[in-house]
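Paired with chain B in one complex and with chain C in the other, chain A is shared by the two complexes that follow.
Up next, the complex of A and B:
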């Protein structure tokens, strides 16, 4: 039995989760919500996390019914993300790892999303669409490493939605994207009932804008994912990241998958949105193959590519050369190839 | 009780030293290992050195500008406080 505790705080969510051999024992989280029209800045976000983190840590242990002695490994988000919040969380992770005498594992936040998505959904070898406030990437696992097949060249789709929400002062509670989606849903029903009336008035409402934005942006994501699937010969799609909660995105992706005879996998808001258990899960994968992080190497980094320097090498994905449990140990990747 | 001292050195840079006593050498060592890994933000014109001797954590800054020094010291004190609160909240448990 291997029990890993994971610390996550790279954006405005602070979450600590405990995972035991694929079972999530606890996953408490707090979100820093700013007033409508305002985004969240690093120093204030760090302050929020600092105020909540020890309480959330206590909750994680209590809900799991565990003592520090029961933990085998402490995982934390090494990056990418916002600097000050990342440091706040890393400080606590490093401190408890030393206090409890446990090894430390620095995890790539993106890999956390992917590994939790695979665990929860049981997806075998999916093309991954990772969409959040901070990241927009299409990823596949090929030849023992994660490879980015496509990504945004300017801003993440979640960031795009959030900034738009600020412009028209939509509430940030529970998240801007969620409220855009609700307005979109409202618009959809209005259109069903009174399409010609709305069109003839020629007036543009906030709901109209939400609708247009979602439809446009999500269509692009679906198209890029489809191209990656064709390139990889993949029959599975896994959506991870906060924007993955969006039911319209899931619906559009589902239509594309059905047309291709592929399967769609997605998680709910417990695991789509940043959380500690996903870091614990990725940390569990790394710890199992002996990958730990020395304290002197545990510095945080705001930029941390999903490939080729991602930490989770030798992870057993089915359909690759080695199958789980066959006793083989995968050879280490060579950096720079 | 922590002590601090500030002055200008021979080349006109600002210097600030902070010495923080801990209940034991082990705790001072844990604190320094938690605080050392993250680099100073690259604003330039500032250096920060951490060291431990017995149960005393020493931090020494040199900076070109008072404003940058103030930000760094303030930020360090926040981080130090968080590490100490963590040790208070979760350190005693190890004794079981």
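Up next, the complex of A and C:
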């Protein structure tokens, strides 16, 4: 039995989770929410995390019913992400690892999403669409490492949605993207100037703009995923990252999959959104093949790439048996949800 | 082909397609082989995408069809080899084009050359030609949008020598003078090249050299290519 605790705080969520051999024992989280019209800044985010982290750590242990001695390994997000919050969390992880006398494992945040997605959904060898506030990538596993087949070269889709939400002053609680999704009915223009003009002239409502933005941007994501699938000959899609919570995106992806006879895997907000258990899970994978991080190497990095250096080495992705667990949403080619 | 009247309100093209042979279904279009006006033709049908909002779908599909046709015609006018367009049907978003027979994709050509143990230098001539053609295309301000070795055909020449190169699949193409867009075009090719054909960095370098030598506008494009290469790595990845 291997028990791993994972610390995640690369953006505005601080989460600590405990995983034991593929079972999530606890996964508490806090989100730093700013007023409408404002984004979150690194130093304030780090301050928020500092204030919450020890409480969340206590919760993680209590909910799992474990003591520090029961932990085998301490995993933490090495990157990518915002500098100050990453440092805050890494500091605590390093400290407890030394206090408890446990090995450390520095995890790539993106890999954390993917590994948790695979664990929860049981997807075998999927094309992964990783969409969040900070990342928009299409990833597939090939020749023993994760490879980015496509990515945004300007901003991430979640960032795009968040910035738009700020422009039209949508609430950040629980997240801007969630509130965009709640508003709908449609039309087609998205530029900031056009938005203000149209809203003030009553040509369209905020709901119209949200709908249009979603429809257009999500069509792009689905199309790119489909192209990747056609290129790789893949019959499975896994959506991970905060934007993956969006039901309309899941619905659109599901329609595309059905037309191709492919399967869609998606998780719910517990695991789409940044959380500690995903770090623990990726850490578990690394730990059991002997990968640990020396204290001297436990620095954080804001720009940790998904491939090639950060891959979980020698993990035979298609061979592993993962049973779909709680929180799995399998859409299409299946009865029910 | 016998004269066809639309039956039951179905467009004649749809009926025609029923008799054609489906050779490929890509992510965006179905590709058929058939006979059109006595010639062997490829028919590319952009079908409806149900996951998209209908208004968006109609607009995108029509635009892509038009863009593809325009780009091919523009290339041909400039003397770049691309399939001849026979007919375009905007009601079904179908393009009827010339079938390029007796050809292999550059992808297949490189793969078999490597498999048979040929040195990379043997392919330098090919790299030079590709670089030249792409330079010409970009000088016409045509951005291909999907440059991969699967989208360049090598027609068998006389006596087994290499014949001409034909560019195909302009489905994502558009007209642009911006070095940024051309730089991204080359970036896509670089990524596709290096991920499909391992250990061919020298070959691609040769291609870029030929490209640079063949166009006055090339330096600006290469500069943008360098910038774009760094962008993926230096982008802040938060959340």
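The rule is simple: the second predicted complex is superposed on the first by the 299 of 337 C-alpha atoms of A that agree within 3 Å, B and C clash if a C-alpha of one lies under 4 Å from a C-alpha of the other, contacts with A are read in each partner's own complex, and residues count from 1 in each chain.
The rule is short, and it goes like this: a residue touches a chain if its C-beta (ideal position, glycine included) is under 8 Å from a C-beta of that chain, and two chains touch if they have at least 3 such contacts.
This structure is a prediction, so every number in the text was calculated from the model and none was measured.
> Clash or fit: what happens to chain B and chain C when chain A is overlaid?
fit
> Answer with first, second, both or neither: which of chain B and chain C does A:300 touch in the superposed model?
Once the two structures are laid over each other on A, A:300 reaches chain B alone.
> Touching A:223 in the superposition: chain B (first), chain C (second), both, neither?
A:223: touches chain C, not chain B.
> See if chain A has more residues touched by chain B or by chain C, and give me that chain.
Greater contact footprint in residues on chain A: C.
> Quick check on the superposed pair: does A:132 touch chain B, chain C, both, or neither? Answer first, second, both or neither.
After superposing on A, A:132 lies in contact with chain C but is clear of chain B.
> For A:102, is the partner it touches chain B (first), chain C (second), both, or none of the two (neither)?
In the superposed model, A:102 contacts neither chain B nor chain C.
> Of the partners chain B and chain C, which touch A:242 in the superposed model: first, second, both, neither?
second
> For the superposed arrangement, tell me the lowest C-alpha distance between chain B and chain C in Å.
Across the overlay, chain B reaches chain C at a minimum of 15 Å between C-alpha atoms.
> Which of the residues in chain C come into contact with chain A in the complex?
Within the complex, chain C touches chain A at residues 26-28, 49-53, 55-56, 60, 184, 195, 228, 231-239.
> Which bits of chain A are touching chain B when the two form their complex?
Where chain A meets chain B, its residues are 50, 53-54, 57-58, 67-69, 83, 87-88, 90-92, 94-96, 98-101, 295-300.
> Touching chain A in the complex: which residues of chain B?
Residues 30-31, 33-39, 41, 78-79, 82-83, 85-87, 89-91, 93-94, 96.
> Which stretch or stretches of chain A touch chain C in the complex?
10-12, 79-82, 109-110, 132-135, 147-148, 151-153, 156, 158-159, 186, 188, 215-216, 219, 222-223, 226-227, 229-230, 242, 251-256, 259, 274, 302-305
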